[in-house]
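In what comes next, chain A is part of two complexes: it sits with chain B in the first one and with chain C in the second one.
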Partner chain A sequence: MDQALLLLLDAANYILVIVLVAMGLVIVFGLMRVINMAHGELFLLGAYTLVMLQQAGVSYWWGLIAAPLLVGLVGLLMEELVIRHIYHRFLDTILATWGLSIAIKQAVILLFGPGAQSTSAPFAAQLDLLGTPYPAYRLFIMAVALLVVAGTFYLFFRTRFGLAARAVIANRQTAACLGISTRAFDRATFAYGAALAGLAGAVMAPIMSVDPQMGLGFLIPAFLAILVGGAGHLGGPVLGAGLIGATDSVTASLWSPVLAQVVVFTMAVVAIRLFPSGILGGGRK
Partner chain B sequence: MILKIADLESGYGGSRVLRGIAFSVAEGESVALLGRNGMGKTTLLRSIMGLLRAARGTIRFAGQRIDGRRPEQVARTGLAFVPQGREIFAELTVEENLLLGAMGAGGLGAAVPEDIYGRFPILRERRAQRGGTLSGGQQQQLAIGRALAGRPRLLLLDEPSEGLQPSIVIEVAEALKREAAEQGLTLITVEQNVDLALRVAERCLFIENGSIVAEATSAELRHDPALIHKHLAI
Partner chain C sequence: MRALLTDRRSAVDLVVWGGLALLPLFVGAWQVGQIAQYLTYGIFAMSLALIWGQCGLLSFGHAVFFGLGAYAMSLSTLGMIPGLENWTSSYLGLALAIVLPALAANLLGRFLFYGRGLQGAQLAIVMLAVAVIAERIMTRWPYAGGMNGLMSVPPVDLGAFGWHYELYDPLPLFYGTLAAALLVYVLLESLVRSRRGVVLRALGIDEPRTAFLGHDTRGLKLSVFTLSAAVAGFAGALFAGQFGFVSPPLIGFGLSTEVLIWVALGGRSALLTAFLGAIVVRLAENALADVLGAGWLLGLGLLFVLVMIFLPRGLLGEAYWWIIGRR
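Showing the complex of A and B:
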């Protein structure tokens, strides 16, 4: 029973963070048809923002606020300087964002070195859950992720901003003809997607080793989650991350992490075979 | 003159579809563009709207040049476009579709003008329904209502009668005429359906191989349809 509860919590933790990362990818893909290969490095930048600020003596809480803002700004610059010039050339965007990911990673290595950095959680308390001790910080991560995922759904499905963004996603040209500034929405959503990745990086940093390769470990499951769940709806990455994350966590804890990788990829292949555009569909044709 | 086009050349890729188009439309006037398929009617509307960049020539709207501007900028100067095939947002509700028309012109806080529902009562009835579930005629009303929700001064319509029953074509034509008369709206309608064109427009321009080759008032054409046969008959 204790084992099962721990497993459930760890799986939920992993799933929620993957959802944060995958959501940013899906929003950007939906709006601009750009697959952002540098999304993992935005996660990385979020974690290193926290490292940098904590090393400078700034408290964790300021780091948590600064990371999404700073990484959102990086996203804005990426969009303005690179993406907007090539977003209608699909393959070039993959190459360009891949190049950006390498550049960001190397810049981090130059500044901080290739080794792992450590950050500390703002509290180290253990909570007693039905007789099992569980780190309170992990529950905090889940709460933050849940809040942000719910907030993102609210933003896209309950506000005027979201309505206009969905119109641009559904039919860019028609939205433009109505007077909706597609450029403004490209900028805003790219920055928002980047900020989500930055927040995910910062909130995860205290429970993992922060090194220049950490982005990939979240980018790949996020991509798998989108492939499995579908890129046409915000619910796609949530469903996909749920399936991928649950399978990964359960297999890893019952057998081994290596087998978990095999099972997850096999599952993704089967899911893509059965649902070529994801379980919830790919949206715009 | 609210719209003044001079020496306009435009097209797709290297090919020129429009070859020196020139005409003017007065404020409050209703003009129809007639011509066979592939003569450049849709290309002309798309060039005015900024969806296609003009290779040569100028387009002036209310005194300012709008050629070279992006569609959203053109829309904000007071133009609206009802494209061929209507292009309503099928997944969004009727009300959301109308709201987007209002928001495009008036910003995120804009509201749907009440008179849109007055003019198209079926849209009020179906306001919570998804756009994709409407019939063809209702979708056309929605597309026109959405364009009008932004309070444009000039409305461009591409084949509004396409795929509609004759009785609904008349209904659409009457709604457009009333709107134009009451709001002082200027209309440019591209049509294959001569009946609708003559009903809505006071003046018809005939377009052939990317140029305007003739023009006549609707009254003249009703009395003497020879021009219609000459330019439209196959």
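Showing the complex of A and C:
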């Protein structure tokens, strides 16, 4: 029973973080048709922002606020300097963001060294859940992720901004004709997607070793989640992350983490074959 | 001869391959051995340029096939394949190194080319995941040497009927590899320049329209992807024979990234520029990496972004198309 509860909580934790990462990716893809390969490095930057600020003596909470802002700014710069010039060349955007990811990773290695940094959670309390002790910080992560995902859904489905954004996603030309500044939306969504990655990085930093290679470990499951769930709908990554995360956590705890990756990957490829545009489907060309 | 003089493309081929053949006259033995190794990278780069430059299939994990070839060659020549312990011929190794990656690519392709979720980016992303997983598996698999890899892989042995000739000394190694590279080039380039090559490029530009014209685009993609994996595996096998050592990084994410950079900087639109890109970038890395340290990769990443934005045909590619007189 205890074991099952722990497994459930850890799986939920993993799923929610992947949702957070995948959400940023899918928003950028939906609006701009850009696959941002540097998303993992934005996650990395979020984690390093927190580490840097904590080492400078700033409290964790300021770090948590600063990370998404700073990484959002980096996203804005990326959009302005690189993406803007090539977003009509689909494959080249993947490669250009890939080049950026190499450059960012190397810059981090140059600045902080290749080794792992560590940072501490703001509270180390263990909560008692049905007799099982569980770190309160992990519950906090889940709360943050849930809040952000709910906030994103609210933003896109219940506000005027979201309505306009969905209009741009549905048909860019028509939206532009209706007087919506698609450039402004490109900038805003790219920065927002980047900020989500930065927040995910900052919130995860205390419970993992922060090293320059950490981005890829989240980028791949996030991508697989989108492929499985479908990129046409915001719910796609949520469903995909749920399936991917649950499979991964269960297999990893029953057998081994390496086998878990193989199982998740095989499952993802089979899912892609069965549902070519994701389980929730795209529906749109 | 007349064709050579009128067709600039063939003239460029002649100059490049002739120049490479004369190279040992001008550089030392150690460097010749070094360049022989880069030639295998060049073959690998051509395999990527074939799918990426010709039919627009981007793969972030092409090293999987290179590494698979290298491991197949090593396991076979070291006599580690169950049932074939006594048959350690290089020919068997080369055959396995070509067949296994081709088989893997074909299976993977059968799953991927029928999807349309992320508008053709599936292959790129799934291959990225494959590369990372392949590297982890090889790191954890004791049979394949685990993290340490397989050591003292014998050189490629071109013998037959009890007669042995090992490609080990720099000069034979260089010319042997050059001949292999030329063979691959001629084979792939004849595909590129054939009518089928035109269809491949059409497929890369607009797949639905190519399909409307009656071409089986999925079948074409599948066969080109398979061919590319076979060539990558062949390059991996040659590499294993030269380097004498294979380890998990060969099959993983790092080398996949590198080959993308070589091909992008050299020029994906022609096999020759991709081939030269691999050699030039490796030579530059040799010369500059010590001076710049970690800054080298930072610079390379930024250069890669700039080339993607401003010169999508690559640095050498722009020169190539300018010389042979096409826009």
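As a working rule, the second predicted complex is superposed on the first by the 284 of 285 C-alpha atoms of A that agree within 3 Å, B and C clash if a C-alpha of one lies under 4 Å from a C-alpha of the other, contacts with A are read in each partner's own complex, and residues count from 1 in each chain.
The definition used in the following text is that a residue touches a chain if its C-beta (ideal position, glycine included) is under 8 Å from a C-beta of that chain, and two chains touch if they have at least 3 such contacts.
Because the structure is predicted, anything quoted here is derived from the model rather than measured.
**Student:** Please tell me, clash or fit, for chain B and chain C sharing chain A in the overlay.
**Tutor:** Superposition result for chain B and chain C: fit.
**Student:** Counting only touches as set out at the top, which of chain B and chain C does A:A4 meet: first, second, both, neither?
**Tutor:** In the superposition, A:A4 contacts neither chain B nor chain C.
**Student:** Which chain, chain B or chain C, is in touch with more residues of chain A?
**Tutor:** C
**Student:** Could you work out the angle between chain B and chain C as seen from chain A, using CA centres and rounding to the nearest 10 degrees?
**Tutor:** It is 90 degrees after superposition, to the nearest 10.
**Student:** Which holds for A:L224: it touches chain B only (first), chain C only (second), both, or neither?
**Tutor:** Second partner only.
**Student:** Quick one: classify A:G99 as touching chain B (first), chain C (second), both or neither.
**Tutor:** In the superposed model, A:G99 contacts chain C only, not chain B.
**Student:** Under the stated touch criterion, which partner chain does A:A107 make contact with: chain B (first), chain C (second), both, or neither?
**Tutor:** second
**Student:** Quick check on the superposed pair: does A:L178 touch chain B, chain C, both, or neither? Answer first, second, both or neither.
**Tutor:** In the superposed model, A:L178 contacts chain B only, not chain C.
**Student:** Answer with first, second, both or neither: which of chain B and chain C does A:A170 touch in the superposed model?
**Tutor:** Only chain B; A:A170 stays clear of chain C.
**Student:** Contact-wise, after the overlay, does A:F90 reach chain B, chain C, both or neither (first, second, both, neither)?
**Tutor:** After superposing on A, A:F90 lies in contact with chain C but is clear of chain B.
**Student:** With the two structures laid over each other on chain A, which partner does A:F161 touch: chain B (first), chain C (second), both, or neither?
**Tutor:** Only chain B is touched by A:F161; chain C is not.
**Student:** Pick out the closest CA atoms of chain B and chain C after fitting on chain A and give their distance in Å.
**Tutor:** Across the overlay, chain B reaches chain C at a minimum of 15 Å between C-alpha atoms.
**Student:** Does any part of chain A touch chain B in one structure and chain C in the other, and if so which residues?
**Tutor:** none
**Student:** Which residues of chain B touch chain A in their complex?
**Tutor:** 49, 51, 70-72, 75-76, 80-81, 83, 87, 89-92, 96, 99-101, 103-105, 108-109, 146-147, 150
**Student:** Within their complex, state which residues of chain C touch chain A.
**Tutor:** By the definition above, chain C touches chain A via 56, 58, 60, 108, 111-112, 114-122, 124-126, 128-130, 132-133, 136-137, 140, 253, 257, 260-261, 264, 294-295, 297-298, 300-302, 304-305, 308-309, 312.
**Student:** Within the complex, which stretch of chain A touches chain B?
**Tutor:** 160-161, 163-164, 166-167, 170-171, 173-183
**Student:** For chain A, which residues count as touching chain C in their complex?
**Tutor:** Touch list, chain A to chain C: 29, 33, 35, 82, 85-86, 89-92, 94-96, 98-103, 105-107, 109-110, 216, 220, 223-224, 226-227, 230-231, 258, 261-262, 265, 268-270, 272-273, 275-278, 282.
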